[in-house]
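Before I ask anything, let me first share the structure, which is written out below as structure tokens.
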Amino acid sequence: MTIPAPLTGVVPPVCTPLTPSREVDVPSLLRLVDHLVRSGVHGLFVLGTSSEAAYLTDAQRRLVVETVTGHVGGQLPVLAGAIDLTTPRVLDHVASVAAAGADAVVVISPFYTSTHPAEIARHYRLVAAASPVPVLAYDLPGAVHTKLPAELVLSLAAEGVLAGLKDSSGDLGAFREVVVGARTRGDINGFSVLTGSELLVDAALAAGADGAVPGLANVDPEGYVRLDRLCRVGDWERARVEQERLCALFGMVKAGDPARMGASSAALGAFKAALYLRGVIECPVTAEPQVPLSEREIEGVGKFLSGAGLL
Amino acid sequence: MTIPAPLTGVVPPVCTPLTPSREVDVPSLLRLVDHLVRSGVHGLFVLGTSSEAAYLTDAQRRLVVETVTGHVGGQLPVLAGAIDLTTPRVLDHVASVAAAGADAVVVISPFYTSTHPAEIARHYRLVAAASPVPVLAYDLPGAVHTKLPAELVLSLAAEGVLAGLKDSSGDLGAFREVVVGARTRGDINGFSVLTGSELLVDAALAAGADGAVPGLANVDPEGYVRLDRLCRVGDWERARVEQERLCALFGMVKAGDPARMGASSAALGAFKAALYLRGVIECPVTAEPQVPLSEREIEGVGKFLSGAGLL
Amino acid sequence: MTIPAPLTGVVPPVCTPLTPSREVDVPSLLRLVDHLVRSGVHGLFVLGTSSEAAYLTDAQRRLVVETVTGHVGGQLPVLAGAIDLTTPRVLDHVASVAAAGADAVVVISPFYTSTHPAEIARHYRLVAAASPVPVLAYDLPGAVHTKLPAELVLSLAAEGVLAGLKDSSGDLGAFREVVVGARTRGDINGFSVLTGSELLVDAALAAGADGAVPGLANVDPEGYVRLDRLCRVGDWERARVEQERLCALFGMVKAGDPARMGASSAALGAFKAALYLRGVIECPVTAEPQVPLSEREIEGVGKFLSGAGLL
Amino acid sequence: MTIPAPLTGVVPPVCTPLTPSREVDVPSLLRLVDHLVRSGVHGLFVLGTSSEAAYLTDAQRRLVVETVTGHVGGQLPVLAGAIDLTTPRVLDHVASVAAAGADAVVVISPFYTSTHPAEIARHYRLVAAASPVPVLAYDLPGAVHTKLPAELVLSLAAEGVLAGLKDSSGDLGAFREVVVGARTRGDINGFSVLTGSELLVDAALAAGADGAVPGLANVDPEGYVRLDRLCRVGDWERARVEQERLCALFGMVKAGDPARMGASSAALGAFKAALYLRGVIECPVTAEPQVPLSEREIEGVGKFLSGAGLL
């Protein structure tokens, strides 16, 4: 299907359930997709950071996209990440996910190498030229150690290179510059500005964002759909209350002991533990080399679910 | 072949020549390998950072390893990089390069995700358990944004997980801790401690390093072989003079304009321009999205070659 | 005077006008204070980052505080920064600014040294124990290279160590955690949560912040007072429009050429150029070693003023 | 006295002993100076990072310089740090330490603010123009978050702005560029290139450095004087052995628990604990807000002293 321009609403970055031996757990993945679609989300984003794309082999990535696109069958747009180091490698992923039925690709800046803004622009131009589907930029400086400059995003939008932005930078000031630029510049049309934040969806939508891609929407898609709706009707006070409930729920990402594991292990482990406790997926295991949550830490995640009325 | 334990001497990280359309230029690669082997280097390292491994597709990576191992036919050890984000993806590369004939793999810490030292240890243990060939750790904090702690390297060495270290951190103090630990701890044997620095080979060897993996050795392998020999016989004064000549030559990495390109483009572009000017490779092109050196910048590289007596 | 608990509204970080020979320009400083007070701001913050406190000698700092407190004479609260590296040095500044009449001090985390969260807590406890006036924490990771953790701020608030937070981190998610914590925890009362952002005042107030400390309020205090008022009455749509006007005006911080100067020179130079062009201060000079804006760059600042209807 | 050009040999950055109430402990400071001078060091550096200058008030800094210059009375050169954020504040310190008898000042790049290389150059030019004594640059990117570029150091040396460099960057490659440049450029004379490393004195001297400023020389000045002598006579093998003994001794900086304190607390706490255990200073206390070593951690330091034959 053609993705809407702009794409609006809640587009969860779909977790990738794994079996105890770290294979993709297809039945759990299908249950998770149903759980999301039933809650009224507006699109799905597979192979993002919350999907553990960084940990999936090429074969697993392909299986995930095929499974999800096959299952939703055009009911709602499916975006797919193409996370790799540089242009030639990203192009292989773009070809693969497009062949597997993705409606758009989400592409990160080059990383690992020392990259100049001119090279980032070159990267997106080359990717867009070769991609059979629209390209969204993925701004995740915590992972790639460069921030996509707002002006660069806007000029690539005006050129027709980029169809949208998923901003996971945490920098709402710079995000706002893109939102306002996309609306007020005469040369940009239908550009999708999406926040990747769990904590600032109300603020991002109030500032004019089109939608949100919060990892926590795996756990509580109804909450984010409700929040999105409250924002769209301008009921900012109730939106704030809903957002604060979700902020409290997000506290689960600190259930894992930071002395024992990194922030990725803790956050992705918590999301999967919550999906497991809610009965959506079979097994809370995360990919290697992430440190698994202990039973006690999983119980800690459960307390966040109870606190948010989800257990 | 079995790699020596420890591996000593000069082990250039072999550049990957490309055609104007960015395919691997196999004849140029073979000429480059001959140029290195003839100069007396002690091993070859393919698919490292200087090889533009970050930019090569899986198919190109495989072609490079097969080409080089097939050509040298066991005359000298061939190490191959397995650069990717996390354990499952690295394991695919390890299997691929080992099948293509690599004698050892060089493996970087997980990156892109937020990684805890416990996860780095877990990563190396899993990779080593599955690898058919010895595993060397690759310390490149400039790329992966974490530094491999010396104590971790030493304990993984003692466990038999790691067969060596390629240190491109620039931190000779921490490197020295590994060198001395590897020599004095009773539980470590045959561990290879290799510096990735172009500028400190004399200092690293004086401190007790086993060898060097300098990118600039593509351009002047004779120089590094001579330097290695002077260090081994303890002629530190002449070693220093040779090292300083090579330091001056290394100035070529600044020939590219930093206002126009990143440090990777400039350094890899300079090495390839130098190999082109010396008649070793057909075409100085680098992989996308790197910015190419201008003709004038390539002339600038030529001046460094002349200054070092290489043109 | 006793500062309100919480302190609400717009509290500009007052620029420090200098003469061409880099002495404090007292008449211009008084005019600037009058310009701010007349616009209805709710407090003044002297010796902050926008005040060039990092560049002022101890004698100049003292002169600034005495001049401002003497002039406003208790009409509105005057907060003063105590920016220095560590506890003993900060304590000297606290004593000095309190003696000069400041109603509260704003204190940054220790910097220059490698600081542990336990040391940050120790720092604030020692400073608060010795300070004759309330202490607000100043979170500016761009300057001190550590982020104040939200939980630490909240527990120091509960202990009575901190009276408030000025957050210039740009991280609205973490800011929100403090806002919500300060409101919902039973053990915190009258704690002032202030954003230092120019671009997100509407979002911060919507999330529940008490007030704002935007450097750009030197240039357009009426705008920020209007924005604050619109937020307080819940007119979020007009607030957004006003905020966007101010975001556009803030573009002036990029008038200085980044190839020629750092971000501090450009931003502080732009604020002072704007105050000069608006006739508030005599001379746009900034302290050494900042690079001054060129005449052409100052004209560029003027265009932002015209665009915002201020010239 | 006029400092030698270049200044050679071992120049310890003198610790600042404190009383339990955190006043400068003058008798202990005098004993420490005697301990160093007796060991044959070639100069003294007060108010450096190892001196806890970042923690000393202006009055304490003045007392330290006067005490030391008054005591050594021109027997050997006394350098003093002028550590503060920007030019105007540094100039106050330069005037103060020069008046107190320092023979040279050691000046760090501006920090806290976002600084451009042009502003760093401007800073050093202004400081040198106003300083009554020679100015050495202090490269400590770990503290100020910018690295002094080698070319900038060399061109300021050629201009006569800088009389020397104290390099505590840990980057021996860049250091070497300064060493070689200072020797080979025709326009630089008598420039002092000093390493601040504890671990690489042999390597730095082999590369051509003039001297060393190792914090650990407080604890074992005889060791560093011996090492310096072995390097000067070209006995590199015995130099390496001595250096390795000192590297092992330096392990004391990890005696403090990193879960409980920052790296500054641990390193400075260990040096002072060692001086206390060796009977040189009265009390091992460090300045606030540093976390003190526990008794058990102090015993841990003692084991390093025993291991190095110093107890």
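Order as written gives the chain letters A, B, C and D; numbering starts at 1 within each chain.
The rule we apply is simple: a residue touches a chain if its C-beta (ideal position, glycine included) is under 8 Å from a C-beta of that chain, and two chains touch if they have at least 3 such contacts.
Given the structure is predicted, the values throughout are model-derived calculations rather than measurements.
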item: Far-end chain from chain C, centres as C-alpha averages; value: B
item: Distance from the mean Cα position of chain D to that of chain C, given in whole angstrom; value: 35
item: Averaged-CA centre spacing for the pair chain D and chain A, given as whole angstrom; value: 49
item: Junction residues of chain A - those touching two or more other chains; value: none
item: Overall pattern in which the protein chains touch one another (line/ring/star/complete/other); value: ring
item: Pairwise chain contacts under the document criterion; value: A-B, A-C, B-D, C-D
item: Chain C-facing residues of chain D, complex; value: 22, 49, 54-58, 60, 83, 85-89, 91-92, 110-116, 118-120, 122-123, 126, 142-145, 258, 260-265, 287-291
item: Of chain C, residues touching chain A in the complex; value: 170-173, 176-177, 180, 197-200, 202-203, 206-208, 234, 236-237, 240, 244, 247-248
